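Chain IDs A, B, C and D follow the sequence of writing; residue 1 opens each chain.
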């Protein structure tokens, strides 16, 4: 028994990755790949023998007719528009946008004014390692953002148990695929290559998402660095008085001992090359026992664990498959 | 005595390089930098303390009033439109487009239909190492294209003297800045990075320019490779029977012995890193004495020797300065 | 029933890729990963949850005791030394080096003097698309080289049937992983980045391998370009008089219609990004009907189709598995 | 009147940059380029028509005979060995190593145990914008390190005047040329490309240098990012209560109003592409008036302002030239 699934937004970078992964997923039958508007069709060059279907124009009735679950990888306004009718028709939704991530209405209106009204019922925040049970029961899974995934996995266990105090700084570095597929001066090769750009000041909406999950304020500054796929976050905090390296290690192990996609790197820091093209998030840290300064590093592939892979991991949980099914 | 000069198209990659070089040229006073249309103005971020003037909207009357020479780095159609009135007003023109490069009217109409009618009088093909005298006397210098500069410098001496025969293949590799500053899917970092793309088939107009200067047909295939600045051309031909490596070396030395920007690399092949950010064109070759197969490699910085630097080299010749003035 | 297999040379780039692929191959049980010398052991950082075994020192007796098939990814001299005792003990060998590729003894002595004496019996040249039957029956498979794989797949069908004539030029561009994992000035980031380097003149031993398989002489010049994984070859030849684009297409289709890893790109040229991290070789071409000039482009991932993937494809054929088993 | 100068360590990346810059410096005559040992000689490929001298073996007597000033770009132990005899012979020394940077003897012994005994008299810390007068009078200039230059220029004016408080985090990103020219796994293209690596934990000696100059403790974590030239530092601190954006701007302007190579970027953050191949250090910042969180970004070219250019800037001051002489 496989679940018939559809994708809306199949031509973007996350969408293409969804096609690639779902095409060989043992528990999903990729039925329909749609563009993110009602007029465009397209083909996916380079996908021969991987998935050879067309990318058809967006149509909610067609989705409702054909599939049981939909992956949305479209702008927030469109996700907010598509979610309710799909849910009403009984289709399960895995949304990769930010439209449904913030639980607090005021926060959601502030950061995603295009996302419309109240959160639908049975919405879960889609970070499997933290909300496995809610995802299992959800009709709508608001998959975690790429930057927040690394930050929350690194910080939530420590912050929720009071192991870290003081100002928390998240210095995040992302490859250019994180900026999306639309051509712009910002994504022009000659502008990115040999360059680093900090952005998101004074405030980036991903900070709100991180704060919701870890329960404390952060300073979050993202940077574009000249690589294609991968996020590396260096996180600076203070360990609470008396907290030891052993405490940190045990807290992480308790949190992620059974998580198939979190790898702990005690005593060394992770590197992007070990997580690229995988669904892993690697976490390492260093605690200076004299000063209690704690430096954590976390990295992942923004298109897999930060987008398509995470959505499929959530799908696996929702449908009772092995959490690793269909994932590299 | 410095020559008051202007630039049209100052915000593009070649235009910015012209600003940077002319701002400190000992014989030129950069008076005016214009956009490539009549409505836009701009500033050049990152140019503080290098050149702090504004980029003003295009205006031919202003140019005529203020400058003695103009550098055009604009699309062919606009270059074709601007050239005649500037010349008529006595302004000397250094054009970096292809509009005036092809001498044969039919060829020019074929490859550059947007370039209008007959070539203006006193037009020179702006490759200093081959046409120094014509450039000295010209009112309009049609600066050689980036790909043709390397190919012609490598092939013209040998071809004009009959040292090479048989089919000539030019496999050209260019950095992405050669594709221009306009954002497109093709110049998106994530599409270029870790990729190679061949283009220009069935035929690229730069082949016509090369053939005009070397006097024989070529197969020319350009490729985009993931670096920013630089062109590397690998050229395959047969040496005529009896031609020796020594003959090739002597022919090159005769041609370029006094050329300040051509460096001959006998016995080894050049590399882009040695020419990047310079006005040099480096040429190396290997002749197999058993088969007479000749492999030549030539490389240059497409924005300097392939564009802005070459134009300034031509300017230097036209105004009687040291050919190297103001060039790195 | 799975085949117990071993790898010698597991820490190099091709070796790591073999580990990654064999660890999840449905028909192979990766029993033993060895270093390429008898003193070293190592771990593979970043392989947690992929393959967690140690890399042990090289030992032929241990291999003979434990595995039915061995993948060798070691220098030619060592491959030549290890092959005969493994074969004598009944172990099937898949060699990724050049030691056993050249059938003609004189040619092999010339290009691989370190490879020792006569070719072992039942040696097949390991390019599945051309020698499927021989591979099925072989005890030793000399897997095709990375550059030759693309060139032979592109040229052999045309050359063997007389569709191409005249001098053949192969301009090959490889990512830096093709230069191996040993640190050197040549592989230093700052030397490769933003650079292109041609090498292999006057002659590269891969030309002999290509010529053996296509039956005609070629000019072959490899280049290092600043990307990590991927080979792009631009091939220049003349189509024989009367040969049409349709003839070329039909010849390719006849040759590769049932080959799961060759994708034909009629009417457009392939790009590295479509084959990276896959076992595909994509081939496109353009034939100019006026001049009969034929330009072919072929590309593949040098570590997969050019090394580890190809070896596993050969293993699949040798053991009667689906040719695609375990391959991305 | 030009100053005869020598370089020791001319084949490294900073050494080559010194050759390139000094070869055309109007006030220096580059007399001698030496290797960093007494046995090696070398040539500098790619330097034809830039500087064509040989790189000769290290010889202190030859230096003493021939030059008035020496630039040392060698390991600390060798710098510590060469400094005293050169000074004793009346040669002025511009040292690019860390051997003489730390004024406190205990700190220097801790971080640079190879640097020997007491600091020579008339040693100045070579960061022109902070110690112009001391450099003018010095016999030995210990040129500031690449990472410290950006950090100190960004922080010293604020920290020295009490505008910042609380923990200071410096997240530094460097291109690979900063790791030096020696080949290693760490600088292999395939290991760096598409990767980010954090290092320097638990503590990096550049932190001591920064702390010496700004007078307060910092958390400093350097990263290698996949670009060649350039350092980008993101600095996190708290502005003292009541300190406004205007106060920060005025403090910077007071500090650097007459500094030709510091460019302030009020209201936006700097980018590496604007400083690459120049001697500029660009500084931008953002102060959140609600939280007093201050984010500063500073960037420079590690081989110019972080090494060779800075040393020449110091040379210019020491010899009374325009501070900008010979610098791009």
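One rule holds in what follows: contacts are C-beta pairs under 8 Å (C-beta built on N, C-alpha and C of every residue); 3 or more make two chains touch, one makes a residue touch a chain.
These figures come from a predicted structure and were not determined experimentally.
Trainee: Computing the C-alpha centre of each chain, which chain sits at the greatest distance from chain A?
Mentor: With centres defined by C-alpha atoms, farthest from chain A sits B.
Trainee: Does C-D or B-D have the larger number of C-beta pairs in contact?
Mentor: If we tally the contacting C-beta pairs, C-D comes out ahead.
Trainee: Return the distance between the CA-based centres of chain B and chain D, expressed in whole Å.
Mentor: 36
Trainee: So, what's the distance in Å between the C-alpha centres of chain C and chain B?
Mentor: Between these chains, centre-to-centre, one finds 40 Å.
Trainee: Calculate how many whole Å lie between the centre of chain C and the centre of chain D, each centre taken as the average of the chain's C-alpha atoms.
Mentor: Computed value for the inter-centroid distance: 46 Å.
Trainee: Enumerate the residues of chain A that touch no fewer than two other chains.
Mentor: Residue numbers touching two or more other chains: 193-194, 226-228, 271, 273.
Trainee: For a test of understanding, state which residues of chain D touch chain B in their complex under the given definition.
Mentor: Going through chain D, the ones touching chain B are 45-46, 48-49, 194, 260, 263, 271, 273-274, 277, 280.
Trainee: Under the definition above, what is the set of chain D residues touching chain A in their complex?
Mentor: Within the complex, chain D touches chain A at residues 166-167, 169, 171, 173, 175, 191, 193-199, 201-203, 219, 221, 223, 225-230, 232, 234, 236, 238, 269, 271-273, 276, 286, 288, 293, 295, 297, 299.
Trainee: Taking the touch rule as given, give the residues of chain C at its contact with chain D in the complex, in rising order.
Mentor: Chain C residues touching chain D: 13, 176-177, 181, 183-185, 187-190, 192-194, 226-228.
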